[in-house]
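Two complexes are shown next, each including subunit A; its partner changes from subunit B in the first to subunit C in the second.
The block that comes next holds the complex of A and B.
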């Protein structure tokens, strides 16, 4: 599998899209940090001071309410910028990975490689490790950029920001496993991508449902469904870990990481099973 | 038996791609797998190599039941699929391509082995060329090299010479024969019968998903044409000599021209001596006395046509 992993790493390393995405993420990060600094007034943080943060603040207010928005901005300039730039890199890596896997499955590349000591499960594992590696590289790039910005603008990039980056990475890794599973099961790249984005959107909705006011029968139903689905969502554990960190509850932080790992393990098991069954090859 | 397929079937919904295929291949054989396009050759090879699971039946390799999870067994065979996958990492050079597979199969001293193989099919000069610039024939050769790189015990070759020029065909044929001489068992599927005839001793004909005939190549031909057809050329053939010949008990049919006779001898016994004796007795001295043999192509067309007729 080492040979396959090396080749998969080369595949992404030769893709200019990765470098373009990381550059865009860093540029975006720059504007978000700069905008944040401009919003800091003598009376405190005023997100309406710049059009960019005005838009972001109103959107977050609309979805999560003012309490959440205030908490996000109170955490400093790097929390939000890290989340946005990380999300961009993560989405690029997962979309390109799913697309490439399904393309290789449909054109017989996997079948070709698997006429040997590797099977599709090992192939999927190599793809997963490759994705994790490049997610680590892009996250590392974002952290280094944030540290440099902090030093240049006399801002504080504290342990909270670092832990938040690690939480993001952990959630991203579990999402990669979801992508891996859907790539195995779907018959086309389009169906795999659509279902992946669907799962991502669903978990985002489940996350926002926690902040929304339940009203009426449909509201209650949605809340109940969300309460069930949240156990399968990496975003739920990410949220718990962030809360645990900011409210200084180390046990909760460890438990959140353990639960996220257990979810990841469960999905990995499903990936292995899918590789053994009908997801083996496009027939 | 190094390869044994027992009642292999594969269905996709209502469509039966392969139906109760039985194959037995001995160690060291070059076995031809013949059939028209869509006959089920590729599906059978995919089942034999664990690429797709059979709907029913089982595969025995090296005397043991084979499952795709069996990594040790997979290391002991090499496969050349019908088409080289179009999306296969086109940014690799031929050398990097083979190095990757050498790494995957843990080939000892890969550099020397790769150089030796590239030299055998005349690709040593394009070692540093990207495979996206390769022609179909060059890719096919590279794919064959990939399959033999780890010196497997069995080679599964699905249409290995399709798309190759005459020189390429010869190089691949020589490579197959050389690999066979080194002790490898080869299963080669093809519809280019002249090539199969040149390298295979045994084989099977598959049509409409079923094996119609299995055995020695020469048996296919003799089964097609149990009667012997003899062509005789002489300085002069008397008028109405064909009627005279047709009256003989061992002649089934005869056509005659001014200098040429075509005689179909009846039965399975060899009546050539009787025929030549009769001709000499009649004062006809043959300058040519040739037995017409049916080709594998005739046998193949006859077998597959018969199948189609039966189905219709």
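The block that comes next holds the complex of A and C.
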């Protein structure tokens, strides 16, 4: 497994894709931080002051409401810029992982040439650890960049921003496990990718279902289904962790992390079960 | 080519077709059975209504709220994106009994009651009050009496003034006639000076918004929980469409301190800082005036539904609501590097700048009536970070009463931060170079002469 993990790490480290993605993420982060600075007036931050933040503010207001927008920018631009940069790196890593997993699963022989016959479960674990490592590296890069920007522009990058980055990472890791599971279950790369994006979209819908004051039978049904599905969604635990953080409830924050870990453990178990009997790649 | 042209045309038609449907016209007024609500919003009262289509009414627990069922016209006003009522054309309030149910048990039967809503000026700001039943009638009557006596006093004053004006005219004529006899003229002038209508009567100013009349409604004050309400007519029949779910909710957090930041150059646009982890970013171009207030937080979705039944809030977040400015506070200011300084709140007056500049200045009120009572925070060009702490009169810190102020200079000079953003590409370059060297070593190419 070690050899496989090393190979997987090299595979990503020698490719320009990861570096380009992180650079794009940091450039996006830069424009968001600079835009925030340009929006600071004598009375405080006013997102309507620049077209970029005007658009962002209106969009967030429209989807999540003004209370959400106020919270996001209350301590500075870093919650939002971290989320955007992180999402880009996370999507890149998970998409290439799923794609390569399914591709190599069907080809198989590539692994055989490099490091002998490989058990699909071990392969999945190696891919998962590789993803976690590169997610950690990219998150670290984003945090360092944000700290540099904060120092240069006299902004505050506080413990809250750091905790938020950790919450994002934890949710991202659980999503990687979902990607792993779907890669094992799906027969082709396209179907794995589509089902992964579908699961992601479903969890997003479940998250936003609570916002709607839906009426009638369908509304009730959708809300009840959402209430059930939310327990499987990393976004739900991420949301409760963020809420616990906003309300300064450390116990709830720890509980949210524990619940997210439990969900991750459950999916990992499912991954192991899904991999059982799937045989070796080279077979 | 022809095919693609047809496709483009088809797409265009598809795009244009729905356009006439998207119109910003005011919707037609529809007759509807609604609940008019006077809801307590945590600080004061909001008039709203629950549409016939809405299933739920949201109210704050342990507070006085008033509802009444009425038939009226409703319409959608696209400019504000809100549903409004038109009670001028149709307004039929129903009288009967309002039943409140919890589960399968009716817990309350509420009769129609009279109330009066008014506001008075406190030391710092306006506060709202409600009087119910006979007290409401008394408050309204007393207000009307005071207005009536003011009108009478004003009429008497005006009459007196008119009489004096008349007398003055007569005296002026007398003076003109007695000009030759200077002694008589002096006497008449003395008489003229003695004539005065006295001080004009003072307008009653006990109220900011006076209790002009009593209003009828069903008084609801319930502990938090889920209820149902329905309306029973005087004939004992349940009114169709009157049944609603009643969601009564409490504050999500205990009272904590919030800050209102009034910039010296925009005193009409103050900004609130509600969360202890929030940072106050300012550009440092003007001094700040800061007020400390008590705040509480409600679920954003529930609160939005309380103040606007067709509005949408975020059920995951809480909404801070300013309750009242806290009297007699102290503020500790700590500028970076310097020892903390404790200041008291001061009264200020906003004075309009003379001339065509249309500006104003904030000055110490002295003995005059103040417009704002706040802590002044002078910002100097070198200031980068200021920490403020609210303390009560005994010097104890208030919960949630600490904020950081950062002075940020808005400029595009941060472009140099794009350089560290390119570091990952640099790392990739290094990785590639190292890999090339390693390959050369592995294959022994470097040893080839």
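One rule holds in what follows: the second predicted complex is superposed on the first by the 264 of 283 C-alpha atoms of A that agree within 3 Å, B and C clash if a C-alpha of one lies under 4 Å from a C-alpha of the other, contacts with A are read in each partner's own complex, and residues count from 1 in each chain.
By our rule, a contact is a pair of C-beta atoms (placed from the backbone, for glycine too) under 8 Å apart; a residue touches a chain by one contact, two chains touch by 3 or more.
Only a predicted model underlies this, so the values are computations on that prediction, with no experimental measurement involved.
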Subunit B versus subunit C as contact partner of A:254, first or second or both or neither: neither
Subunit B versus subunit C as contact partner of A:118, first or second or both or neither: first
Subunit B versus subunit C as contact partner of A:104, first or second or both or neither: first
Which of subunit B and subunit C A:67 touches, first, second, both or neither: second
Superposition-derived comparison: subunit B or subunit C, residues of subunit A touched: C
Touched partner set for A:11, first subunit B, second subunit C, both or neither: first
First, second, both or neither for A:41, with subunit B first and subunit C second: second
Contacts of A:3 with subunit B and subunit C, given as first, second, both or neither: first
On subunit A, the residue positions that both subunit B and subunit C contact, one per complex: 14
Subunit B-facing residues of subunit A, complex: 2-4, 6-7, 11, 14, 103-104, 107-109, 111-119, 276, 280-281, 283
Subunit C-facing residues of subunit A, complex: 13-14, 16, 18-20, 22-23, 26-27, 29-30, 33-34, 37-45, 64-65, 67-68, 70-71, 74-76, 141, 145, 148-149, 152-156, 158, 160, 210-211, 213, 215, 239, 243, 246-248
Subunit A-facing residues of subunit B, complex: 12, 49, 51-53, 68-69, 71, 74-75, 78-79, 81, 83-89, 91, 100-101, 103-106
Interface residues, subunit C side, partner subunit A - complex: 53, 55-56, 252-253, 261-266, 269-271, 273-283, 285-286, 300-301, 304-305, 312-319, 384-385, 404, 406-412, 414-418, 420-425, 427-428, 431-432, 435
